[in-house]
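Please find the structures below.
Consider the two complexes below, in which subunit A is the common component and subunit B and subunit C are the respective partners.
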Partner chain A sequence: MRRLLDRRPWIVTLLSITAVIAAWAIATETGAVSDLLLPTPGELWSGAADLVVNGYKGYSLGAHIGLSLMRVAVGFGIGTIIGTLLGLLMGMSPTIDALAAPYIEFLRPLPQLAYLVLLIIWFGIGETPKIVLLFLAALPVSAVAARDGVRNVSPQRVQAAQSLGASRLQIFRHVVLPSALGEIFIGARLSIGIVYATLIAAEMIAGASGIGWLILDAGRFLRSDYVIAGILLIAAMGMGLDRGLLLAQRRIVHWAGK
Partner chain B sequence: MPDQPLAETLTASADAFVRFEGVSVTYGSGTAQATPALSPTDLAFARGDFVCIVGPSGCGKTTLMQTLAGFLPPTGGRVSVGGVEVSGPGPDRGVVFQQAALFPWKTVAANAGFGPAMRGLPRTEQKERVEYWLRSVGLWDFRDRYPYQLSGGMQQRLAIARALANEPELLLMDEPFGALDALTREKMQEELHAVWKRRGMTVLFITHSVDEAVYLGTEVVVMSRRPGRILERIPAPFARIAGERDIRRIKAGADFVALREQVLELIWGEGG
Partner chain C sequence: MTETPPLSRRGVIAGATGLALAAAIPRARAAARTINIGYFVETKPTMIAKAQGWFEGAAKAKINWVEMGSGAQINAGMVGGSLDMGIGIGSSPAAAGLSQGIPYKVVAMLDNIGPAEEMTVRASEHITQPSDFIGKKIATPFGSTSHFRLIGFLKTNHLSLSQVTVLDLPPEQIVAAWKRGDIDAAYVWSPAKAELLADGGAVYKTYDKLDAEGYVIADLFVARNAFAHANPEAVAGILGAYGRALDMYKTQPDQAAAIVGKAAGVSAAVAAANLAEYDFVPLKTQLTAQWLGTPGHPGAFAAELEHTAQFLVGQKSIRKARPLTAYQKGIDTSYLEKAVA
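Showing the complex of A and B:
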């Protein structure tokens, strides 16, 4: 039995999930917990089905998901690309590092909600402040990751490339960049986590779309079935994004950790 | 030149390919932790020589090599190759590091062909060189693998192939066989010796193994404790033995053992 479980850890995972669902069903079906606070599994199921069939307040569920993913993709995409490029330059040139570091260091520990108000004043309440918010969440993390990646390049590998006749540009392309790639990916996964956490805040800015907004809005009407369905959905999307990045990382940086 | 004294002919600069002139290195000079690593050192050797450097740990062997590779500007003195002062690394001086320092994101073939590719040699020549050198070190069958799929000894062989595929005039090797078991090590010694004989390049070879130094070198340079200086230069005959060599016979021979003991005694005199 023990050996079986060691070899098939997913059985343990399955048991754990089953146990939680059973506890949930017992607690709600017996009325021990009011269904205003926590719906029964059946109520959650029909609430979720209702969302799938009828959508929520003017948008289909797919549109809510699509809009959220679009905001994450644009904010994360642009933030990570610009952040990584900036970080690479910072790692290569102490002057650029000295120029940019204070802003990056200022922005990095700053809670996104702190400057959200300012973004609304500057950009109004459309898509722009939402995407700028996510962009600013992604930028400093990926810049620092790329900078550290460049700095951690093995000096001996650079020396090896130099004594094989590589130019400065070739050393960057064939040695520095690939050796920083591992840390760039770690930075990207960190940054997608932060961007995703910021999504709810971004969708709080007036508007009526997105999965984060759906959760907030349903909460105001005490629709805990919609709220929980939304939470499960947003969690699944988050896991999907992280898994996707992890998969890309394993394929592209296949030599890491070996 | 009959009217020129013999001694002068031998030290004439035309004869010296590599020349260290009063080269000294102090790490962190001018700070409180200034570490003198290398005393002013003069050393010159000719094209085609195989110079082995031995000496106690921390005596400045790697430091000396780094000034020749161009990784480290000497604190004093100058280093020149073929009469030209060394001012930085270059493809004329191939380096094999103690840790292989391969490019793990490139295949075995791309690692071996890195130098020729960076220098923009014609494609066909790049391919020929990669095949030739990978076959020479027995890694041709592994050409599409990645370095992390090789054993430590294979990685070291790849590092040697990578340096040789660039066909440098001068090969600098820092304890390249240090991490190998005795059998692989002797096989590698044989392979390196064969390559050196075939191509006639100049080699500067650092090792902790006196046995290896006496076997491979045309000359063994013994260094003192830190800050290192050259204690003695001992010519060794075994590298230039013509025809078939039997490594075990040579290493068991009385003249080999005598020379090895002579070098060991010098190092023992330095306390280690």
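Showing the complex of A and C:
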């Protein structure tokens, strides 16, 4: 038995999920927990089915998902690309590092809600402030990851390449970038987590669409069935995004950790 | 007041944290040494009674004042038992709460909102009739009494949500969006409303027709059932203290405005202007058939709650409305009767 479980960990996962669902069903169906706090599995199912069939307040569920993913993709994409480029430059050149570091260090720990209203004043209430918010969440994390990736390249390897007569560009392309890629990807996965966590804040801006807004709006009236359906969905989407990045990392940086 | 208080910071993640709050806060003990009251910082006579300590005196108990971000948070606090009373909850969240079986009752009205929440349009847009709203952007805080009125306005004028863009913004963001020119109109309350009017806004009157068509909105006192049953004198005392504040506002409006302004953090002049927008229905008048009625003789307001609930079902905000009798039972005027006796 022991050995079977060790070899098939998914059985343990399955058992754990079944146990949680069973406990939830018993607690809600017997009325021990009010359905205002937690819907029964049946209510959650019909709430979720209703979202799938009828959508939510003007948009189909697919449109809510699509809009959220679009915001995440654009904000994360631009933020990570610019952040990584900036980080690489910062890692290569102490001058650029000294120039940009204060802003990155300022932005990184800043809670996004702190400047939410400013973004509305500056960028209005359309898609721009939402995407800028996600961009600002992604930028510092990927910049720091790329900079540290460059700094952690072993000096011996750089010196070896130099002694073989490699130019600065060649060293960057063939030594520094491949060595730093591992950390860049770790930074990207960190950053998508932060961007994703910021999504709800972004969709608070004059929302009427997106999964984050759906959860917020349903919560206003204690619609726990919609809220939990939305949470399950947003979690699944987040896991999907993270898996996607992990897959890309394994393909592109297949040598990392070997 | 409504979904969000006019003066305090907006209740940011109202809904999501609301649920968390409901689940997380342990149940308060039944016998009340300390009464937990959820309230809004707003320019209303309740602030007189609060500032002068009349509520504590009349309830003969300590009061733990918890500032709320929205009516939804009061509902959440009531579910978890962490609040004993709520002051200033809008009729929309209260109708939602009663429909969802939150164990509380409406025990009195704070005010009939009337023209205090109203449509403001950009004067330069020349909006003079309902069809002029086609293609325009209107902002309102979703889930609020203003939102209810706005949707009522669109519905009664056969404007669909594909013809008009309705945006969900809290009051201070409405002001920001207005200043940038991102929105053409807003349905909101003061001070946001006053700021729009001062910045090229004009009143587009909707409330009189909407009130006649069953879109009456009000701010209410609610009390959790278990608490009210165990402490009827405290509930009546708190309502009595509000009555005393209303009397002071009637007889000494300048002094009242000064106290309200100080408590809410605005000038006496601003407080006086805000106060003047609301219809503070005297407690005795609330006990008539037009409003809450008396025990055994429910008034017309129960039908407003029912209508609001049906609207919320149509909005997918709540699962189902209940029959009129449920809302009549959801209003308990016995404490109010005791308070005015």
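Here, the second predicted complex is superposed on the first by the 258 of 258 C-alpha atoms of A that agree within 3 Å, B and C clash if a C-alpha of one lies under 4 Å from a C-alpha of the other, contacts with A are read in each partner's own complex, and residues count from 1 in each chain.
The definition used in the following text is that a residue touches a chain if its C-beta (ideal position, glycine included) is under 8 Å from a C-beta of that chain, and two chains touch if they have at least 3 such contacts.
This one's a predicted model, so the numbers in the text were calculated from it and none came from an experiment.
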Joint occupancy of subunit A by subunit B and subunit C, clash or fit: fit
Which superposed partner A:Q162 touches (first subunit B, second subunit C, both, neither): first
First, second, both or neither for A:A188, with subunit B first and subunit C second: neither
Which superposed partner A:W255 touches (first subunit B, second subunit C, both, neither): first
Touching partner for A:L214 - first (subunit B), second (subunit C), both, neither: neither
Superposed model, subunit A: greater residue contact from subunit B or subunit C: C
Contacts of A:I125 with subunit B and subunit C, given as first, second, both or neither: second
Subunit B versus subunit C as contact partner of A:Q170, first or second or both or neither: first
Minimal inter-chain CA distance - subunit C and subunit B, angstrom: 46
Residues of subunit A at both interfaces, subunit B in one complex, subunit C in the other: none
Residues of subunit B touching subunit A in the complex: 69-71, 88-91, 93-95, 97, 99, 101, 103-106, 114-115, 118-119, 146-148, 162-163, 166
Of subunit A, residues touching subunit B in the complex: 154, 156-157, 159-167, 170, 174-175, 178-179, 181, 253-255, 258
Interfacial residue positions of subunit C with respect to subunit A in the complex: 3, 12-19, 22-23, 70, 72, 75-76, 79-80, 93, 96, 100-102, 139, 142-143, 161, 166-169, 172-173, 176-177, 179-180, 182-183, 312, 315-319
Complex contact set, residues of subunit A against subunit C: 34, 36-38, 56-58, 113, 117, 120-121, 124-126, 200, 204-208, 213, 215-227
